[in-house]
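Take a look at the structure set out below.
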Amino acid sequence: MDPQTRDLERAPRESGQRDRSRTQTVLRNVGIPVLSIVLVLLLWQAIVIIFHVAPYIAPRPMAAIQSVTDNWGLLWPLVLGTIRETIYGFVCGAVLGLGLGVIMAKTPFLHRMVYPVLVLSQGVPIIALGAPLVLILGFGVTPKVVIVAWIVFFPVTVNVLAGLSHVDQDLLNLARVYGASRWRTFWQIEIPASTTSLFAGMKIGATYAVTGAILGELVTPSGASGSLALYQETANTNFNVAAVYGTTMVMTAIGISWFLLIVGSEVLATPWQRRTVARRSMFRRRRDVPPTLRVH
Amino acid sequence: MDPQTRDLERAPRESGQRDRSRTQTVLRNVGIPVLSIVLVLLLWQAIVIIFHVAPYIAPRPMAAIQSVTDNWGLLWPLVLGTIRETIYGFVCGAVLGLGLGVIMAKTPFLHRMVYPVLVLSQGVPIIALGAPLVLILGFGVTPKVVIVAWIVFFPVTVNVLAGLSHVDQDLLNLARVYGASRWRTFWQIEIPASTTSLFAGMKIGATYAVTGAILGELVTPSGASGSLALYQETANTNFNVAAVYGTTMVMTAIGISWFLLIVGSEVLATPWQRRTVARRSMFRRRRDVPPTLRVH
Amino acid sequence: GANASAAPLTNVTFAYDFPSPDFELVPMVVAQDQGFFTQGGLKVKVVFPPDTSTTTKLLATGAAGIGFITTTDMGVAVNAGAPVLSIGNYTMSNNWALFAKPGVSLTAKNLKSEIEGKKIFSYGDTWTESMLPFVLRHAGLTSSQVSIVTDPTGQDLKFLLAGKVNIATNTSNYEVAGFDTSGTKGKESTLLGTAIGAPNIPIWVYATTRSYAASNPKTVSAFMSAMEKATLWAVANPTKAASEFDKAYPKSGYSNAYSLAGWKLTIPFMKNSAGQYFTQTSAQWATMARALKSIKLITAVKQPSTYYTNKFLPSS
Amino acid sequence: MSSNDLLQLRGVAKSFGATLALEPTSLDIQDGSFVAIVGPSGCGKSTLFNVIAGLLKPDSGEVQVADHVVTGTAGHVGYMLQKDLLMPWRTVEENITMAARLTRGVNDDDRAEARRVAEQYGLGEFLRHYPHALSGGMRQRVAFMRTLVTRHPLLLLDEPFGALDAQTRLEMQQWLLEVWKEAQRTVLFITHDVDESIFLSDRVLVMSPRPGRIIADFVNPLARPRNLDVLTDPHFVELKSQILHLLHGGR
Amino acid sequence: MSSNDLLQLRGVAKSFGATLALEPTSLDIQDGSFVAIVGPSGCGKSTLFNVIAGLLKPDSGEVQVADHVVTGTAGHVGYMLQKDLLMPWRTVEENITMAARLTRGVNDDDRAEARRVAEQYGLGEFLRHYPHALSGGMRQRVAFMRTLVTRHPLLLLDEPFGALDAQTRLEMQQWLLEVWKEAQRTVLFITHDVDESIFLSDRVLVMSPRPGRIIADFVNPLARPRNLDVLTDPHFVELKSQILHLLHGGR
């Protein structure tokens, strides 16, 4: 209610209070989403029953789930494949995006030259990439990884660029006053100062990474080893509608897990955004312990 | 160089200086991108020539462009179709996204319930949407519009939510002190204060809108009228590689034009972010003119 | 052969025509499982294209030595300048057909009334594009008198059963196998294209490039000879052959019932009325080229010998 | 009982949860006067203002403005903060007429009044400018004009010049005194700057650390008009010393 | 020629394009002294600091620190601004040792020194805290300690307490005097607050509006140690009046 921000006068936060409400927060952050997903499934079931939807049009949710569990032995390697493509592609895309972002931030000329090409690259429909990529890179996992990376790198680059260009100029000047080298300034200031932006880009990338992997599986062949997307495609031609919806659920689950994983890494990588006091890190801080304590 | 931000002491900006460098800015903002796109085309041409790439594997850029100009009469209605799907879908998605964002910002309970479902919706692979949408909505433009809207609404909602939750609480309190109604506060403060966020969401949406339309054309058939995606698909089956690449170029061009259009609307819709002085609006300000001037 | 197993095997990459494996690969699986390739001194690796038109490109770039494509794709590729060469038919006749949902009876007699002003499903493939004009001409209709719904993602059965399209087009082995294993009651009405004006030309062929054929003539011959043994074996033992396929490609997503049904439906089309397998004729290629030219998919009808050769067939 | 007092507080108190922010406080502010309030950070000064403005409902007590009980209802006072809270998407003129736009819609009279005020107080040239083009001092002037045109007799100014540098602040203080003299309003003025509180006011209230309580009520002996020289006036120095000792306990 | 002066400026001038920010300026600062600089906004105070710190190369003139010419080279002074510029991702201890981390890597001595300084000056409990958990005053103290542990004899403080509220500022001033006495450094201190400049310094330099020039150099007659009472000391009031008249021309 107080209309004035009192940032300067904020007292050190109490950590006791936080712990007390942690279970409440978890309940709220996990319970409500789960509840609403269950509601969606119930609604779906209700619609199928009330409108007498034919099973070849849409299955009941339980049938979809069962088609997944029944074929889990078959599906699991495909799921692993999709996850692998996602991880490889995401990592490549993020690294490429970060690299491009850093290079472009440091050389304004390259920035101006390369940026339009990057925007252009995102305008190219992914479907048009399949055949050329297979012709150049062959079969197997590589073209799919390239497609995921193609989608992921862009938001990362854009955000890293924004992050690096918003590093406090005064902080950089201060580093100069101290006589810091460019290299140390980069690692000690510019990189940590852009972490939040980097993660913002990676979170957008993560949202689209699994979709990219699925698209990649669809437009580049996997052959004998199969792929989740092809499995779905086949189920579709096969009239196995329950499997189509079941696979969709699996894909969605992979996508959301990946997104949550990135969110989780951000939480772990930026302790200062949540915690008041730094945790003692076992191995790095050993020498902090006074010698007297160490002898005993 | 000055390590202190002197925001408070900034003098009113001169508009003279700005005009002088406008042509320079335009040159830089248009010239360099065009130049770099030309460079990409030249590189492509060079690769095709140096590696003796056969024309049925990959065409020269000029051949791709020519296949577009030669068939423009045939392509134009398809391009129009894609543009129409993009516009309809984008508008529906943006309106839906805005509406959802506002409703969710105003009712925290709905926020918690609906948000996971929205995240879930983005995990569903678009390809899996094709058949159900056609079965429900038939062929024609509607299912494609739904697919575009499906893709566009999400970043809009997320950004509107963020924008509305970051409106300065003190400004809202001040409105209360004045005795403002909730409705007026919403229109006069909350909406304008979230414009930037809204456009941020729309720009992300715009990046993916055309890809969404193409995907929509591919997974939901159009019947006799055809579609750009099908044209490309057919060209592909018929070994017309120049047309495949030409169509990709057209699609990319539509995508980028749409993105630039949204960027342009933002510039127009938020004059205060660029201009120092508000332009006199012809019709709204007529009464500002003193009566004496009006009689003559 | 004892002597063959002593010699090192020649590697061959074989490109299928579809992104995922299905029952038309049964002879290939049999050739591998029954050791026909090894006997011929070959080691064959099967690859899959991102889309049906890329198989030809895989051949042209040398990414694959031998491939499996449709006759019409051959025609279009040769027209575009790709140096591909057909080395043997897969099927010997045309089983492309129109289908109507259970309850509708589609016959050559009521063809006109059943398709006029109706929605006809097409994958948008070259084959359907070149066959439909014959059917329309036979029914006395122009293309503007029907509505073609093109869907490369292939939801034909679903749309047909849901009443979103009136007529589906497909080859009978895929369509009927799909319907029979879908659990839907009733029987689809099938009307073969050859009964309503479509030319009776083979749909699929084995192909290579001229340069590959020129530098590896023994390999190509050995391949075709192994395929012949495998095909005859698979025709004679359909159930065993289909389950071998399922074992080789457990992740294809297809049920054994589907693969078996599909393979059984394919068998009748694999030999001609004279009981021949594989043998191509100049007439089939001339007919194909004229059909493509008439719908402007190709610019010139070439000599039949431009498209094919029978010299790698074991019988010749 | 009608009186000369524009604002009357009777035993107003406010806690936030377990935190008692404001002890029961009573206060009378004479119509037309300029009263400064100083006190340590967190002592409840802004809370007091929020209660008077009607943003907060006090736990007990009563607020009267112009002999009407207005406890817990908004719309009776002008209010201005350290942050200018201008709308970046509105021009200076539109920002000045903001209160009208937020309550009943802007009419030509409002616009004319905005122009008159802006011209009179030195911002006539900038009516069509957007806030971002103005300096910090100019922005605070616009924020003040916006408060002024609401025509409420009572203005609550909460550290309005707290974010300005010393020189601009001095200019703004002189400007404020000028405007106040002409516009004839009653001003309650929170500040952390003891010099400022004495330079501007007729009366200085000193509050205790939390829970807030008015611990001193000084009548300012300095004559008006005042200029820089009052800063070395013995009365000034004496009053400043008293206030500082109350605030800091003579450290 | 070795002297008692830690810092010597000889005819240092600086323009930005057509703007002459600093007229040729000469200045000697005695080792161990506390010199305050006041001047109107934009008069070139920060520019002067940037030149001394080596961030800017002057157009003409020479900068000597401890009898070495350092014109245009960095790494010779401690520097601190109004913004604390703490790294949010580093703990208090890590922030204090930042200079070492930025130049040669932190060793155990640096950490021990950081802990010693923090404990000595009242932040020992907060060594492992992240900056966001500290109040504004505490943050400025950390920023100052970071400047202190660089062991440069000359510290440039550019409005270090400008963003703090009056009460915290007073505490910080007293704290700074204490630290200065013990740590035996030479301090150049820019401020807009005339009270502050007199309260802290041995000497007050007054600069003219742009182009900046030192127009007065007052020796502060007040004895140390000082407490709040000096604010009412006649010497104080007299010096303040002189400085204010130089700055504002008696308005």
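Order of writing sets the labels: A, B, C, D and E. Residues in every chain begin at 1.
To be clear about the criterion, contacts are C-beta pairs under 8 Å (C-beta built on N, C-alpha and C of every residue); 3 or more make two chains touch, one makes a residue touch a chain.
Quantities reported herein were computed from a predicted structural model and do not represent experimental measurements.
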item: Neighbouring chains shared between subunit A and subunit D, ordered by label; value: B, E
item: Chain whose mean Cα position lies farthest from subunit E; value: C
item: Approximate Å spacing (C-alpha centroids) for the pair subunit C, subunit D; value: 87
item: Centroid distance [mean C-alpha coordinates] between subunit C and subunit B, Å; value: 44
item: Whole-Å gap separating subunit D and subunit E, where each centre is the average of the chain's CA atoms; value: 34
item: Distance from subunit B to subunit A - Cα centre to Cα centre, in angstrom; value: 23
item: Interface hub residues of subunit A, defined as touching at least two other chains; value: 1, 3-5, 9, 57, 131, 135, 170, 173-174, 232-233, 236
item: Residue list for subunit D, restricted to those that touch at least two other chains; value: 41, 55, 81, 83, 165, 168
item: Multi-chain contact sites of subunit C, meaning residues that touch two or more partners; value: 51, 53, 57, 61, 153, 155, 158, 162
item: Residues of subunit B defined as touching subunit A within the complex; value: 1, 3-5, 28, 32-33, 35-37, 39-40, 57-58, 112-117, 119-120, 122-128, 131-132, 135, 169-170, 173-174, 204, 207, 210-211, 214-215, 218, 229, 232, 236, 244, 247-248, 251-253, 255-256, 259
item: Touching residues on subunit C, where the partner in the complex is subunit A; value: 19-21, 46-51, 53-54, 57-58, 61, 63, 153-155, 157-158, 161-162, 178, 181-184, 248-255, 258
item: In the complex, subunit D residues that touch subunit B; value: 53-55, 74-75, 77, 79, 81, 83, 85, 87-91, 98-99, 101-103, 108, 111, 126, 128-137, 150, 163-165, 168
item: Residues of subunit D defined as touching subunit E within the complex; value: 40-41, 162, 165-168, 170, 174, 192-195, 227-229, 231-232, 237-238, 240-241, 244-245, 247-248, 250-251
item: Subunit A residues within the subunit E interface of the complex; value: 7-13, 168, 170-171, 173-181, 184-185, 188-189, 192-193, 195, 270-273, 275-278, 280, 287-288
